[in-house]
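In what follows, a structure is listed as structure tokens, so that the remarks can point back to it.
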Amino acid sequence: MSLIIKHLHVNIGGDPGKSLRRRSQKAPEKKILRDVSLHVADRERVGLVGASGSGKSMLAMSVMGLLPRTVHVSGSAVLDGTELIGGTPQDLADIRGRAVGFIFQDPGTTLNPVVPVGKQIEQPLRRHYDLSKEDRRERVSAMLEKVGLGASVASAYPHELSGGQQQRVGIACALITSPKLIIADEPTTALDAMTQLQIVELLVQLVDGAGASLLFITHDFSVLARVAQRSYVLESGEIVEEGDTAGLLANPSSQAGDRLVTAAKELTFARKESR
Amino acid sequence: MLKFVVRRLALFCVALIVLSLLVFACLRILPGNVAAVMAGTNSTPERIAALSEQLGLNRSYPAQYFQWIGDLLHGNLGTSVLTGRSTMAETWQRAQVTLPLIVLGLLLSLVIGIPLGVVASSHREGGLHSVLRYVSLTAGAVPALWGGLLLILVFGRGVGLIGIFPSQGFPEDGWSSPASALVSLALPALSVGIISGAQMMRYTQSALDGIAESGYITMAMASGSTRARAIRTTGLRIVLPDLISVTGLSFAQMITGVLVIENLFSLPGLASMLVTDVGNRDLIKVQSELMLLAAFFLLIGLLTDIAHRVADPRMRGVGAESVAPAQEVSA
Amino acid sequence: MKGFRSRLRRALSKIGGTFGYIWHRGEGRFALIVLGIWLLVCIVAAFWTPESLDTSDGYNTWASPSPAHPLGTDGTGRDMLSWLMAGSGTELQIVVATCMLAALIGIVFISFTLARSALASEIAVVVTDTLLSIPIVLIALILAVPLGASLTVIIIACGVSYGLNLARIAKPQAVLAANSRYVEAARAAGSSRGRAFFRHVLPNVIPVMSVQLSICAGTAILAEAGLTYLGIGVPAGTASWGASLSASASFISIFPLTVVWPGALITIVVVALNLFGDSLRRAVDPVVNSQLRAAAEEVERGSGK
């Protein structure tokens, strides 16, 4: 499945809350993304890298309708022939969890704390497919095995799992309906180095196995090298550089790219030191 | 969980003892000579002495207290000095009006408050949100008495514009004719339920607003829900433990309104009994009644706490003292 | 002395700024205007009412509004407007006394929860948690037996109940402040526990408390109306909004109009108090108040963070 984004602009207006906004001439509209164009081809793994605050998370959230309505999105984002920008909330909800799966940065603040994880993994199935209870349970068990957790984990609550286990559950949630595009928003940032590596390997293996495309958002070039064939560098809401990941890593042409590569090298070096 | 329940039960017992001491102290030590007060202002010293003897008031305070507690534990709440009726029997009979009224009112407040709170929270931008906010603000600010009066003026049979509900009294034979009993509770329950429902709505809305921008909602949306649906399902489930606590608390907060409404609609419930007894200074009876009610509300508090724990799996394994996670979530 | 004066000036300008923020928005302005009129009426009624409270116009009972009696009269021919005006003073007394008592109890319990001794804080938590489920009206009934119908009953019953609630609500904020680096630093510099509480913990809790108190003020007015109707609130013969409402309630079927004024008055004032509380919350909440947020960011940047 391919995703083609063209001339995407995202603006956020003043203060939250309606009545405040009326008086918010003092707080001008803030431009989060400016004229961003990128594409993810069928079965391609693409990286989007940028420092924190560069607007990279907003990109995926905005085209998929995950941002509050106070955010103004314009431009075009076409998912396999379907225009996403301007779609009704219901249209976008029908796509999310079926055609597109999401993996978030911190499963600790995204997994519902009061519901067993099995129920959460089957949520996309319930939303989009009419399956029997047994059928759903079977698929959840199979999915849990795939992400390296036992089927018995289904009845556990998020707080009973480790960070790595939680992220495996997050991946299971995203992949349970076999979507053809996975958007992973810093899925390894909240994890320690060892776990990061395992999660990345798992993700790549599952995405390739399912024949899906991947948009991997991160600030960490060292992770990206393993994941993405091609990468974009985002700075202050604009794409400043793009190319195949190995090339970018070896010879970044933009300042932002250079900074990120240097940081990644130092980090990798430090990691090796500490081992 | 078991450890928590045991601990909480122990606290419940301690609280009961402390309360009984408080009630006893307020009613015995403060007002001076109880027998004189009860016998009335123009009674003879002989009458006062006889009454003291009869009630055991001439014994020491500790002896009186333990006598009273002993009787309470045996389910003996004494008899009224003025009417000679058994306090237990009368309280039970009156509670058959008051408790259904409370429960109906509470149900109405949940039925009104929670859906409207969800609607208000899922329409965070736009006119509906402000309209609902002002409606709930105003409805929550109406004195129970006035709310009841306005409902009578609209729906009261014989008085109101569309007189469809009785506005006075309760069937003589009580619940043996359930339909008419229920109908006579309709307006009172509505008065209580609307006012309490307005508060429930404000609470539901603010609790949901607190997590509307959270990752939990984003995650639910990513699984294929619209924002409104995510708030309605995931959001409501996450704030459920807090809603349970608030429902338990509003049980206690509703009571003033319930008693007022009972009086206004001339329902033979606990209100008229309590007010009459306090007015008559039927002290022994008041003492037992208040203790019974206090115990009832403490019990509700206990049940609420346990239900909160059950609804929040994060709290199940935790000791009784740390309520901190719940506060973090609501903050 | 000079330190005190400059601190006072800073506090006053902060309060001024808060009120300015509240006035800035329609709701807040409505609340301030209503509360302002209330205060004004209290002052006026202390010296003058259109008719003396004792005057009753025996020929004009349950009169509709007229030039002589702008809001009509009640069952004994007393002027409704005069009684409501006189009632505002009683209401103000109840509200102020209740809030002061509640604040006092709240602060005492908060200081207990922060106490060094685990036992003291445990007791404070247990007391607040259990007593919270005892309704106000029950406390009032217990008090009414020895005290009879009186303002004291309302004030103590409400004050105790709101005070405990206050302690419960302000506790997280207080714990946060007590564990902050400020307090740590102050304690390290040798300032006593009590001093640290008053200098650092209390100022952090005051915003939360004042928001809660303004909402309590509204609830106290509602409680007054209820308790007075039940005969355990304001004693007979004393003017109060609850008393006026109760007096007209018994004749609802015959003279529906008279019941409008006291009920509407109570509702408007309680709404105003709630809106004031909401506006105050916005004014002191840096998440909503962009000016506060900017100031906080400024400080953070200044500290090189």
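Labels for the chains are A, B and C, by order of writing; each one numbers its residues from 1.
In this text, a residue touches a chain if its C-beta (ideal position, glycine included) is under 8 Å from a C-beta of that chain, and two chains touch if they have at least 3 such contacts.
From a predicted model like this one, the values you see are computed outputs, not experimental measurements.
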Most contacted chain pair (by C-beta pair count): B-C
Most widely separated chain from chain B, with each centre as the mean of CA atoms: A
Separation of chain B from chain C, taking each centre as the mean of its C-alpha atoms, in whole Å: 22
Rounded Å distance between chain A and chain C, as computed from the means of their C-alpha atoms: 49
Touching two or more other chains - residue numbers and ranges from chain A: 17, 19
Multi-partner residues of chain C (at least 2 other chains): none
For chain B, residues contacting two or more additional chains: none
Chain A-facing residues of chain B, complex: 124-126, 129-130, 213-216, 218-229, 234, 237-238, 240-241, 311-314, 329
Chain B-facing residues of chain C, complex: 122, 125-126, 129-138, 141-147, 171-172, 218, 222-223, 225-227, 229-232, 242, 245-246, 249, 252-253, 256, 259, 262-263, 266-268, 270-271, 274-275
Sites on chain B touched by chain C in the complex: 11-12, 14-15, 19, 22-23, 26-27, 30-31, 137-138, 140-146, 149-150, 152-153, 156, 158-159, 248-249, 251-253, 255-257, 259-260, 263-264, 271, 274-275, 278-279, 281, 283, 286, 290, 293-294, 297-298, 300-301, 304-305, 321, 327, 331
In the complex with chain B, residue positions of chain A that touch it: 17-19, 61, 64-66, 68-70, 89-90, 92-94, 96-98, 101-102, 104, 106, 109-115, 120, 123-124, 127-128, 157, 159, 173-174
